[in-house]
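Some structures to go through are shown next.
Paired with subunit B in one complex and with subunit C in the other, subunit A is shared by the two complexes that follow.
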Partner chain A sequence: MSNAKSPLQRLNETQSAYLLLLPFLLTYGLFLIYPFFRGVWISLHDWNLLQVAFNPDAKQFVGLDNYVRVMWGRNIEWSPWARPVLQVLGLLGVVASVALNRTRRLTSLTSVALGLAGAALFLISGVHAGEEGRWFDRRFWPTVGNTVLFVGLTVPGVTISALLIAAALNRETRAMSLLRTLFFLSQVLSVTVVTLIWQIMFSPRQGLIANITELAGGSPINWLTDERFAMAAIVIATIWWSLGIAMILFLAGLQDISKDLFEAGALDNCTGVRAFWHITLPNLKRTITLVIILQIILHFQVFGQSHLMTQGGPNDETQVLVRYIYQTAFRDSELGRASAMAVFLFVIMGAFSVVQFLVGREEND
Partner chain B sequence: MLSRSYYWLVLALSIPAFLWLVPTIWMVSLSFQPNDVLARTTSSTFLGLVPIPFTVENYTALFAFGQTPMWFLNSIIVALGMTFGVLAVSTTAGYALARLNFPFKAPIAVLCLIGLMVPEQAVFIPLYTMFSDFGWHNSYHALILPRMAVPIGVFLMLQFFKAIPKDIEEAARLEGVSWIQIFWHIMLPLARPAMMTLAILTFLYAWNDYLWPLVSAQQRDYFTITLGLASIQSNFAQSEGLGRVMASGVIASLPVVILFLIFQRYVVQAMTAGGSKG
Partner chain C sequence: MKHLLTGTLLACACASTVTAQDITLGRFFGACEDAGTDTKASVGEACIIQSIINAADAEIEGVSIETLPTDWGNYYDQIKAAYAGGTPPDVHVMHRHRVPEFAGFGALAALSEDDLASAGIDPADWTDSARDAVTFNGEIYGVPMDLHANLWHVNMDLMAEAGLVENGEPVLPSSPEELLEHARQMKEATGQDYLAADFAQFPIGVRLVLSLMWQQGENIFSEDGTATIDNDAAQAAVETITQLFAEDLSDPQLNYADSQQSFLNGEAAVLVNGTWVVDFHTAEAAKEETGLDNYYAAEFPTLFEEGATWADSHIWVIPSPVKQDAETYEAALKVLAFINEHNVDWARTGHMAVRNSVLESDEYASLPHRTEYAGTADIARDTPPAENYGAIQDVLNRELQAIWLTDKPVADALADANIEVQDLLDR
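So, the complex of A and B:
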């Protein structure tokens, strides 16, 4: 280090700190904070992508109109039994949260979350268009429903299989680490490679699955264009793709469980499946909660699988929220409405991020 | 030492592990089979899992014509650019937030924490209009800059710098070493493992990113390999032949798979850190 002091070296602590923070704060402000508020601002305008591109004044302030046009309709009513299955499920969630909290099977935070989710399901699914009424945007809520269904199928699928595999692989031997590598490998592939592989896997004419069904004497299923199977197909591809990260998080959680517990359990003849049920699961509760929240946040933003494998079809069965936002903005040029949906997405993701933060902090205590 | 039940367990787990690998093996195997055979059947040998009849024509064709090599190069440029950019802004900001005292430190830290909640999908429309106004679409910096604004890297580095003992720094301060020099000559060399983790996390993200390149890069010359692969897969059977599309898929996966196999420990760390924090 030279003796002659350059201006950089004469800076005091505060000046140094701001100088070091500057590059990040500049990009952060310009490419995240500002766009976020600009997005909210766009959502308050009737904003056509093409018209505004030619003439910046072609936008018009419309207040909350876009939100109404996306999420509301004429003669919208609420009744307790509009969608019995979903609403009963919601009520069951509320009951379960109270019961499990009483018996201390769940932490208070988790049960509050479960209770709120149940109540929300009960209330939201009771909303429907009344007589002579209709939604202004017929596709929005079904799209949200598809996204929730996708999350509801993928997250348990990934969580349960990753948990079982992680519990079985929790040994520091060479064979086990090789197996871990095999399970994790698909995680590093890009979404377009994953969709490429599974599109052809599912193809009724050329696909591996069709080839196997034909060998077994069955007739191949048209997975991606059949309304009954399209959602299942993108869920299967997604589970295959994203199992690795959940497995790794579970393995990290398993490392923290003291070996003494298992040894003590073995003395009481508690091994194998029983050890998994009575020792592993209770001690892994927080990790499981975190992995579930993480997966919900991740998979709620699903786009590529739906966009590339099924193009949202057949008959909008696999249309998901981010794809609808993308289409509304860049095919229909309706930036205002698309931005309103993006704000909706942000609110939901933000709520889950807050829960994630709280659960994560609880874990550190 | 290892019991018999252990070997049974390994054997039992090998079956699902192999099944898990089958789709990938299939892609690789198809990429080594001639297109005219694939047009007839995809299950020549062992359901097509073994590339017989064998050819490397798909790969030579890929590099002779088509845009795959250029897309590959674009991906390399964008991924490396993003990695260095993220490292630069994250190490500096992470160090300042972890080790220095200055006015408004807490509000700035909270502001960064809030940014973790904003998903890319919530800002890609305003970003699109901004970059249109600047006339920046179809360029490398348009693909790189938005990702540099993500605070996850800052938090990774912040946590790392916080764990370093204070006395190293204090001794240097007594010697009259400036904060910037401490950062550059003492802290950065110490931070190499954390920087490695962050670099791999960023590179993987950049390589696999799809939505933003899809919106921003409309000219095929600026496609990344991930985006290019999406553009050819919708009509793969007709246009170029299944084998060639699969070869593109293999090429597109090669860098991240190699990275993963070499730096497995870092990749797992990176994804655990990235996964559990944002």
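So, the complex of A and C:
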């Protein structure tokens, strides 16, 4: 009887592992790997969406031309004082990383990361169009800048508010569990609903915020069309929308912290804010890192808020990378150029994924 | 009884799906849930067009029409993606200014005079401008539905208060200086703004500036593809508007909905917007609760040498792949013929009809406010054809927004716009 093995049973461990992995690998290859490489391939062509649909031969191989056209310009120069504020900030980052590493207040990896980020800021923000020169695409880098600003405002906003809410709601009463559900609810809404709600909230005519400012005697702000407030408006809507997941992650982290620590702390008169600072925060370090990196990757892909609430305006102040890619591909039909931008976005997000991988590994050691 | 009815309805539905030719229809204009099939009763663009489509679905034998999502904002992106994926709708609406882009790549079916005649469409009945709107390289690529243009929508009560009414008609400015004078007069007499428009998001501001450039005999680019934005005419056109912002006689920060609301609330005497809101304003003016009681739809006034206002046309087209299936093509033509037949119903929105027989009819002449802007067809203008007009308009919209919303110097903005539009024309 023992000889009557079915073909499946005759497989060794490695073979059966591959067999079980096959469905995943196929799906992954078909829906992620293949489209990715096809995107890279398209980015090397002059490829008009409509034209190629009706005549597949209408595309033309142009090498890296799309990348040059998007990211470079005529007479582009580098100088150490092109954007003094950003460049000094970058230099300060380098100095701080060296100093903190010397005094052993930062681990070597973190200080290297900080130093590299500072150096990159110093070098990149020194690039500018020289006299008589100009960028081939004058919208691309400002758009990247807007996206970075959006991420820079949203990620700390979400992280800090979610952390505070999670700390406040980390109690086992009925009211708290109700509040937890309420705070999480916004997360389940689609971007269309969220932007609709906030467009009404921000409306200078019917909006709740305008009514409150008027009650307080102020004149209502045109949030979505005022250059000073438009970015803030989409950041606020995004923070409200994406609090939920971060809060749940923090709650899970909080419940992992042993009660003994707080009891021991209480004996040493460490309660309330001090306990939060000296016990909760250090124990939540890994969760915080995870939340921050997940949020960075997520919010670099912002699209709906800018597209629906401000249409990228006023004067491109809230134009973000994915919206620019979308417009280039579908409004302007320039698929090759759009793919080149998408590859750039991939590189940025890939870099943050690598950081997450490195940070995760360091903490495992 | 109810069950019997439901049963009969279901049976009918099943029977018709078996024999009917299914036609998918793509359009913008927004959603209207309960449009019904009465093409004479509906109000507003969305409901009027949907009632015509519903009627076509009910009345054309052997054809059943499915209307695809009707969102405005991403319409052309969706349509292009559908073409690229090989699944365009069987008939869809588009603007005249998109014809060079779509027809240029062979995306649209050329409709021969014979095909049109056999479906019951007579191109000889179309006005010259309507025929031009659907013609590309000598071939007809669609069926025109309207001519739409910018008007000055006027609150007559505010105008009267400011002393700007004569013989029951509003006194409109004839020069930029007079515009400023009227606006000051309005502020003094009523405390309200003279003019409102969406200067902040939707390209109404662009269309305003375009009109004022055409009125000086200039354009933003020439037929041979040279950008001509950085000149005195553009400067004068922009400053005609910025002089109002500078003295707080108009608010540049209002978007489409807010500018409309401000006009309906009686907070602005003039709203610059298209013909498509005439019937909506008429209906709102009849209501007690709005601040607009006495409404007038005026032609865009001539502030410089010659009359001109921005205009475009909505047209219906059939994608070229549809022609490969004779039955679908024939059914699609029937749908276009039905829409062409109901031109006067569509004109109820406020748009100008495109068929001479309709324009001369009593029914058309008796539509509200129609005589007030009858001359608009004669001053209707558009930019030269360009494949990427969408992107060009976006450049202008951004640079103009930079002027009125972020105080960018006019000369800098015009110079930047010129460079960018030239880049787009050269691509």
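Simple rule for what comes next: the second predicted complex is superposed on the first by the 317 of 365 C-alpha atoms of A that agree within 3 Å, B and C clash if a C-alpha of one lies under 4 Å from a C-alpha of the other, contacts with A are read in each partner's own complex, and residues count from 1 in each chain.
As a convention for this text, a residue touches a chain if its C-beta (ideal position, glycine included) is under 8 Å from a C-beta of that chain, and two chains touch if they have at least 3 such contacts.
In this text, all values refer to a predicted model and were calculated from it rather than measured experimentally.
When the shared chain is aligned, subunit B comes close enough to touch A:13, but subunit C does not.
With both complexes placed on chain A, subunit A has more residues touched by B than by the other of subunit B and subunit C. By the touch criterion defined above, A:339 reaches subunit B but does not reach subunit C.
By the touch criterion defined above, A:53 reaches both subunit B and subunit C. By the document's definition of touching, of the two partners only subunit C reaches A:225; subunit B does not. In the superposed model, A:330 makes contact with both subunit B and subunit C.
Shared-chain residue A:42: touches subunit B; no touch with subunit C.
Overlap of the subunit B and subunit C interfaces on subunit A: residues 52-53, 206, 308, 326, 330. Only residues 2, 6, 9-10, 13-14, 16-18, 20-24, 26-27, 30, 38, 42-43, 47-48, 85, 88-90, 92-93, 95-97, 100-103, 105, 108, 111-112, 115-130, 132, 145-146, 148-151, 154, 177-181, 183, 185, 204, 207-208, 210-211, 215, 226-227, 229-230, 233-234, 236-237, 242, 245-246, 249, 252-253, 256-257, 259-261, 264, 267-268, 271-272, 275-276 of subunit B touch subunit A when the two sit together in their complex. Subunit A makes touch with subunit C in their complex at residues 48-55, 134, 136, 138, 203-206, 222, 224-227, 307-308, 310-311, 313-317, 326-327, 330-334. If you check the complex, the residues on subunit A that touch subunit B are 1, 8-11, 13-14, 16-21, 23-25, 27-28, 30-36, 38-39, 42, 52-53, 165, 168-169, 171, 173, 175-176, 179, 181-193, 195-201, 206-208, 211-212, 215, 240, 243-245, 248-249, 252, 290, 294, 297, 301, 303-304, 308, 322, 325-326, 329-330, 335, 338-339, 342-343, 345-346, 349-350, 353-354, 360.
Across the complex, subunit A is touched by residues 73-74, 76-77, 80-81, 83-86, 101-102, 105-107, 200-201, 253-255, 257-258, 261-262, 320, 388, 390-391, 394, 397-399, 401-402, 405-406, 408, 416, 419-420, 423, 427 of subunit C.
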